[in-house]
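You will see two complexes here that share chain A, one where it goes with chain B and one where it goes with chain C.
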Partner chain A sequence: MRTKIWTAGLVLCAAMALAWPADAKNVLRWSSQGDALTMDPYSQNEGPTTAMAMHVHDPLIRRNAKLEMIPGLATSWKVVTPTSWEFKLRPGVKFHDGTPFTADDVVFSLNRVKGPGSDFKSYIATVTEVKKIDDTTVHIVTAKPTPLLAANLTSVAIMSKAWAEKHNAVKAQDFKAKEETYSVRNAMGTGPYVLKIREPDVRTVMEKNPNWWGWDNGNDAPDEIVYSPVKNAATRVAAILSGELDFLLDPPVQDIARLKAAPSLHLKETNQIRTIFLGMDQARSELRSSDVKGKNPFADKRVRQAVYQALDIDAIKSKVMRGNAIPAGMITSPGVHGYTKEHDTRLKYDPAAAKKLLADAGYPNGFSVKLDCPNDRYVNDEGICQAVVPMLGRVGIKVQLETQSKTLHFPKIQRGESDFYMLGWGVPTLDSHYVFSFLGATATPGSSSWNFTGYSNKRLDQLSEAMDEELDSAKRDVMVAEAWVLLNSDMPYTPLHHQVIAWAMSKKIDMPIIPNDSPQLWLARFGK
Partner chain B sequence: MLAYVIQRLLQAVGVMLAVGLIAFAMFNYIGDPVNNMVGQEASQADRAELRQQLGLNAPFPMQFARFVANALSGDFGMSLRMQRPVAHLIAERLPATLELVFASAILALAFGVPLGVFTGIKRHSWVSRVILTVSLVGVSLPTFVIGILLIYVFAVLLGMLPSFGRGEVVKLGWWSTGLLTKAGWLAIVMPAITLSLFQTTLILRLVRAEMLEVMRTDFIKFARARGLPERAINFGHALKNTLVPVITIVGLNIGGLIAFSIITETVFQWPGLGALFIQAVQFADVPVMAAYLVLVAAMFVLVNLAVDLLYYLVDPRLRGERAVAGGGH
Partner chain C sequence: MAGAAPLVALARRAADSDIFYSFRRSPMTVAAAAMTLVFIVGAVFAPWLAPHDPFESVTVELLDAFTPPVWDARGDPRFLIGTDDQGRDVLSVIMYGSRISLMVGFAAVIFSMVLGVSLGVVSGYAGGFTDAVIMRLADVKLTLPGILVALMVDGIARAAMPRELHDALAIYVVIFAIGISGWPQYARVTRGATMVEKNKEYVAAARVIGLHPVTIMFRHVLPNVMGPVLVLATLGLALAIIAEATLSFLGVGVPATTPSLGTLIRIGNSFLFSGEWWITLFPSLALVLLALSVNLLGDWLRDALNPKLR
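Let's turn to the complex of A and B:
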């Protein structure tokens, strides 16, 4: 009987060993919570979608692991006149199907980005014309000087004109159509990986493109990449602990310590390009949710400062975020052009001073207000708001908390129906102007502004417009600095913290962590 | 007979319409899908244009009427999240869910019935007590806890089974099956057990209660008196007479399994309808949610209808009453 059990056990073990044969190629299996929404590089401007697209496609200009701009399909670029740029294209590049890459593909791609169904229009909003000069030269004409054109082009993948025409995918997405566009589940570019299998929500398999122009000692780079999204955080963590995954993009905060302790894994951490803050409606004559009638407490800067100084950000960091946050003094993160340590210095946590400020402003007994928070958008968003409530309560501001799903929270604040709300802001262009134009400048009706505080400062509006067109970088930097001083001293927002990201990976591989949270898997190297 | 069937069918249609209406009405409060579809840079004009294109501006009765008309022709529109026709998505996900539900139902029957018979006959044995106590775990622990526990033990500690996914699948026409590959079999073990625990307990307890009932009846005593062997009495006579309610419950619960599979599928990243539905909810992907709810309701209604009709065939008393009732109208 005993021997029988042993034999059965051995057979079982042998069967298991057969089920997972040792990999001859270097396969990188990775996961995060959600899948890319589509393989079309222009129809969804969403982080994971673009990250996936950038493995199949190349942009004209790439960003390296430090997010600095490096040549992509363009080897060099320069401003010819204030409204015209010249891009020299990399010669000899071939698409995965063997066809050569030329200036025609660039012209086609940028026009597709500007066309119907594209979600990337805003990146090249000022571009009026894309001209092919010869096979390796392209001129891009803009309606007004656009210093950020090069930076914006790092988000735009270049497609093959011939491929898109052949597969009837000349438009990014047609919501009226009843059929799916070919490019939703297929992609073909010049990038480091070739899309082999695409099963949405199940797995996406890519194979190394050995002819990619960008390989730097790529022998130990992954030969194959398998992406399987796993929605449930606990399952994801279990899968990397059991060795079924080699890389986990988004380990949950509460499991980071456990993953660090696992002998087969290593963790990398860095600040993300996203800052979390609270916005206060300071323009309306009376807050909807407050017991103060006839006036708006937030209109008084002293009240806004009281809110700021009443928040014990270190406690939020250690208790709510378990150490995974960087307290912020400005509403943009390290890595964004215009960020300085100096601007990022926080006002001191001082509840006594906050109380005094409130009394000086005429609210010795505080006031009540409702705080709106999402509960599924940012890291521990709901927990942060729950911690804010008693902190403000201690200085007399009675906060009623309303947390709801992002699908309800964002429309609510966009309709201008919130007096006091949480928002996080990432900066895909990596330039401060993105922050000023969306969050600092005066919101005009019908614009795409995300400034729901009613905050308006003429000088900041001027600076925001001027820096959008200033090509002289020294002059521009002065404007950026002045704008940050203005925004920090007017305090329309109370900064909370910069989010921190952690990537967990198997010790088999090494790969740089990237602050924009978009993995560059071609930089992964398998150890010997 | 015909009147009875028509009456049942009309009721089914009424139920389906009501479900469709409730589901559709609910979605109006679930949030704005447009916000998820466009980037944070999109202007109000862009948003308004997209809303118009998607038909989200039409009045509610219009939207509902269009939905019903399209649904009848199998067209549930395009998924806002995946940008693919909902009907294709559902066809793609259905095999995974049905295979999981089928495997769980088999497991539940294979364990529930024999254990129920055993605990019904040997009601005072300590083994029965242990089985009954353990079976309580099946009903009291939430599915996701059981799932995570299984993953922790069999995937993380023992490394025997995969923690997520369906393994390798083989395409048979439009159907994809994981039951033809070893990886597929390994992958279905834990999700099937997780999903079946509740049903196993239910069947076990039902069979046990019925067995206790039947064992007290005269014809069992008579069988004993005739000197029939125990096995023939227990399985040939007693069990047979307990099966009618068991079959009913199992039938009805197949629908329940499909609905319960949402949690199991999420825990194991099983690429079925439940996982599709959960993601649709988070994205406010109205067409997918609507189609899913209508589909699940349709399955419940169909199973109920089938059970009703089976009763009619099985139980002659019902036949008489219904016929009379039908004639009296």
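Let's turn to the complex of A and C:
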């Protein structure tokens, strides 16, 4: 009997030893602090969510590592008339389930983006009709000239029509209402990776799609990608130092020096296209969380300016961010069209002036308010908010801080339930209009606006619409500049800083860092 | 002078007692008692004794953040053992943090003691079916590790209550969570002692004169079984303090805005790799010292109250 067990054990060991080399694939294990919010590509317009979707799906037009536009599912595109675009689609492309990709899928996808539940409506707000001309040609008709249409489409993943219909996922998931649809945990695209396992907040496993049209010698690209979010910063750092991870998207700023010194890792740094800021609800008649009743302190511009000038952004930069931030005066970063040094100049840090502004506005003893912050979205988001509390306290604004995961924070501010909140904004289109249309223009019910402050300025609304269709770039630049002056002087938001990002990766792989902080893992190459 | 005489006599009597004698004989116990006293005084009088008020926004400067202890060249004499990531004095934060830790510890122990002793006395005195039910409940409870029960209670509270309410009640939830996991020990010890006591003559006498069973249980039996319970409670206090720190370290204990030793250790943990060791080391040391001192006191009390060891 005993001999039998031994023999069985030996056979098993031998079998495992033999099986091992056959299984030796290139697995890329990576992590960051929070998971993608959903697998539905149109449900949440949030950086990490879209970054994950773009591994499974292809957009019509992709951005490369330098953020230049390159052909995706469309091989070429041109403006036929000022309000009509022609897209030539890539022939012979197949979805992961083997069904062929055709113009029908493009028509279906763009209509889904425009439909209920979608958080991507603003990208193609001017599109009135998507026409299939033949299997590889699509015409997109817009209500008015839309020079940014191509740039906007880089954020829109293309889904499979047949798959969505089969699984009853024709409409985008309503995230705010916590809707569960098939598309929340499953995805079907044409992209470089096939979604295999999706366990929200635990792990997401993707396998290489060997038939992807976009491989440029993809032999050394990851065969499998395993993503597992790790909320605790020290645990993430320990994991990459010990070799349990190959890529860490968001090493905590205090550990960058140490990761740089680690012999098994390399660290890449770049300025990110993302600005962090605080939004203040200025339209309500009364704040929910304040001791001031009957009126809204934030409705007074002097109060908003007081908040702005009470913040010692240089202290936040040196202590909370350890130098990895660029203090901001506008909600857009260098590299985006419309950015200028003048617009990006901050008001001076001046607590005395802030106190005086509060007194002038009728709050000599300040007031209380609750600040909502995410704790797993931006670089040191919780730390920034903790630093903001005593700074505002010194001018008399008593802030009660509520930090929670982005999966609770975003729905809360999207439901319009926050008086005072932190948000960060990246600009995937690399044009200021994106900022005005999402954050500056008046929010209308049913739109995908992220302006939760109630801020409304007619002139800015006009400018935002006009610049969307202006083809003369000189005229357009004048509008963009005027809009920035308006947004900066109305101060619906207090800008904090532009993020600087660092990616830590194992020396086993090489991969370009991308300034929008959305990894393109198909560009990773395993060394020999 | 005349008024002081009885007090002096009382002090002299206490000093002559067996317990105090064994206390004096053990230098370790004296040291532990002194350390516990330092912690309690430091915590209770933190607003007056702490060098800074870590919750007063006017005095907390972000620019002071990450100052190392004074003996380091970059140290600042204002902050004896350095500052944390928000510029708060670590020593002051520990003093304020120990308040929460001690408060939760004491409250949790009292809660489980009251619950456990009551059930134990009833169980031992009544016997039969009541005894069986209570003891089986205790057995079931003992199969589940304490920290797991505490996590479960916290999870249910989180799911059942809206966030604002949960934050407001967080401390009570933690007290309940820790307290509820400790009662079977008290119940078992009390039950055993009660079963011994209830056959003694004074109990029989009380029953003969027609006293109500509840009166007998709590007026006559209870005082005679309190010795071992006190020992358990002292040892339990150390465990409760550690349980609270564990829960807070895992982020499910007291909210981050009311830092206890556990939350302080958790915050400092993020800065271990970057070399700011003092933010987590000193709260950890404080926790170890506090738990160790209380535990040593409990050990001594157990030996002093055990006639066999004298």
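Worth pointing out:
What we mean here is this: the second predicted complex is superposed on the first by the 301 of 528 C-alpha atoms of A that agree within 3 Å, B and C clash if a C-alpha of one lies under 4 Å from a C-alpha of the other, contacts with A are read in each partner's own complex, and residues count from 1 in each chain.
Basically, a contact is a pair of C-beta atoms (placed from the backbone, for glycine too) under 8 Å apart; a residue touches a chain by one contact, two chains touch by 3 or more.
The model shown is predicted, which means the values in this text are computed figures rather than measured ones.
Applying the stated contact rule after C-alpha superposition, one finds that A:A234 touches each of chain B and chain C. In the superposed model, A:E286 makes contact with neither chain B nor chain C. Of the two partner chains placed around the shared chain by superposition, chain B is the only one that A:E244 touches, whereas chain C remains out of contact.
In the superposition on chain A, A:D312 contacts chain C only, with no contact to chain B.
Of the two partner chains placed around the shared chain by superposition, chain C is the only one that A:Q386 touches, whereas chain B remains out of contact.
Contacts of A:D135 after superposition on the shared chain: neither chain B nor chain C is touched. One of chain B and chain C touches more residues of chain A, and that partner is B. By the touch criterion defined above, A:T181 lies against chain B but remains apart from chain C after alignment on the C-alpha atoms of chain A.
Of the two partner chains, neither chain B nor chain C is touched by A:D360.
Once chain A of one complex is fitted onto chain A of the other, the partner contacts of A:P200 are limited to chain B, with no touch recorded for chain C.
In the superposition on chain A, chain A positions 232, 234, 238, 241 are in contact with chain B in one complex as well as with chain C in the other.
On the side of chain A, the complex with chain C involves touching residues 232-234, 237-238, 241, 252, 254-255, 257-258, 312, 315-316, 318-320, 383, 386-387, 389-394, 401-404.
Here chain B touches chain A in the complex through residues 30-33, 35-46, 50, 53-54, 75, 78, 81-85, 88, 144, 147-148, 151-152, 155-156, 159-160, 162-166, 182-183, 186, 266-269, 271, 275-276, 278-279, 282-284, going by the rule given at the top. Those residues of chain C that touch chain A in the complex are listed here as 57-58, 60-63, 65-66, 85-87, 163, 256-257, 269-276.
Residue ranges on chain A touching chain B, taken from their complex, read 15-16, 19, 34, 37-38, 40, 43-46, 119, 122, 173, 175-181, 184-185, 199-203, 228-232, 234-236, 238-239, 241-244, 376, 405-408, 410-411, 414, 438, 445-448, 450.
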